[in-house]
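Worksheet: the structure to be examined is printed underneath.
Letters A, B, C and D mark the chains in the order given here, with residues in each chain numbered from 1 onward.
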């Protein structure tokens, strides 16, 4: 039995969309736009906080950030599914490259966590 | 044994950051900005394609989209971890609400896949 | 008399912020986040429309797009002002480079209108 | 003679696109995506800086921010032109509303500079 939580969520999102016949709206182009829209909502929750405040947000704000992170995640999973992308594999491949590019002692650059 | 792939990736990202002492850069504020930056790169790959072209991109473009989706995913997982957010649980909670808000026959609205 | 509309708007935004003592919130970092947040709201208005529908949106949607475009513009002008950037000059400099990079007959690439 | 710099830039962008027959790529949907892509590039320049560092960036970084701000501005002006939106008028209308919503002494909220 595959109890992988990400695969189960991916299937739930497919079923939800199919039950409403929304596949016609779910071109990767549109899904990328929706992802950007939700990323904007997440950013808006943190824009006036200092970095330190953002490390320990008040409970109400944290719940809103949780909701927006969920929305970003939902559209990312849906977009990956639409294009046959395995997000976990792709992330590990990218981290393999990051380990080469950013040895111990280097500062973060664009694209590196 | 918990072979959940998302939890394993989360741990890899923690270890990578700790090994480079990058936690000071990884405030949720900064991680949200990095997420937005990578979302922008993903969008840029699809902006001049039609919706139909976006459903079947050429192999080179698909690989770039895969890389950008990986970057978005990496920062989202890192941001969620920094704030103690379980992305899978949060996504399911949001989908429970979406099932109430969008019964069969409705059109997608803001926030709905 | 300088009746340049962009300079007049820039001054109005400075006065608005000063009257409320908001300069402490208006670091370029925060202003860039606010810009991204509003860009997300603008994108959300168009994400489920086809390209053709987006060329002729219904009146209510067009008004919302107008409001979001205004918000994006306001933060962009404020960010430029905070960093001493003249947006018009910078745009013309970029277009000078674009004319070199994209001769007649070429397709749009990243960064080219 | 109308020496308004924004109107002159708007015309230059129209001419550039027409000379390359790029109007077919310039649906508002695509222009909004391009705007989001460039916003992402701008954000990426500031994501690892502190707020204070962002107020006084090094010369090389400031030049890159200037270039990205120019790209954001170019796509915003092009998008507004495609939809018949006067950005300056729309911004003033929004600021009129902001003056009602945010009297002296209030903190910035979503949508307020």
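Please note the rule applied: contacts are C-beta pairs under 8 Å (C-beta built on N, C-alpha and C of every residue); 3 or more make two chains touch, one makes a residue touch a chain.
For each chain, UniProt lists the protein as follows: A, B, C, D = Nucleotide pyrophosphohydrolase.
Since we're looking at a predicted model, the values are computed, not measured.
Participant: Equivalent interface to A-D, which of B-C, A-C or A-B, with over half of contact pairs matching by residue number?
Facilitator: B-C
Participant: Counting C-beta pairs in contact, which chain pair has more, B-D or C-D?
Facilitator: C-D is joined by more C-beta pairs in contact.
Participant: Just how far, in Å, is the C-alpha centre of chain D from the one of chain B?
Facilitator: The answer is 25 Å.
Participant: Report, in whole Å, the distance between the mean C-alpha point of chain C and the mean C-alpha point of chain D.
Facilitator: It comes to 1 Å between the two C-alpha centres.
Participant: Specify, in ascending order, the residues of chain D that touch 2 or more different other chains.
Facilitator: Correct list: 25, 29-30, 32-34, 36-40, 43-44, 46, 48, 50-51, 107-108, 110.
Participant: Would you pull the chain C residues touching chain D in the complex into a rising list?
Facilitator: 3-6, 9, 12-13, 16-17, 19-20, 22, 25-30, 32-40, 42-43, 46, 49-52, 54-55, 57, 62, 65-67, 69-80, 82-83, 85, 87-88, 90-95, 98-99, 102, 104-108, 110-111, 113
Participant: Can you list the residues on chain A that touch chain C in the complex?
Facilitator: Checking each residue of chain A against chain C gives 25, 30, 33-34, 36-41, 43-44, 46-48.
Participant: Report the residues of chain C in contact with chain B in the complex, numbered from low to high.
Facilitator: Contacts found on chain C: 29, 32-33, 36, 44, 48, 50-51, 107-108, 110.
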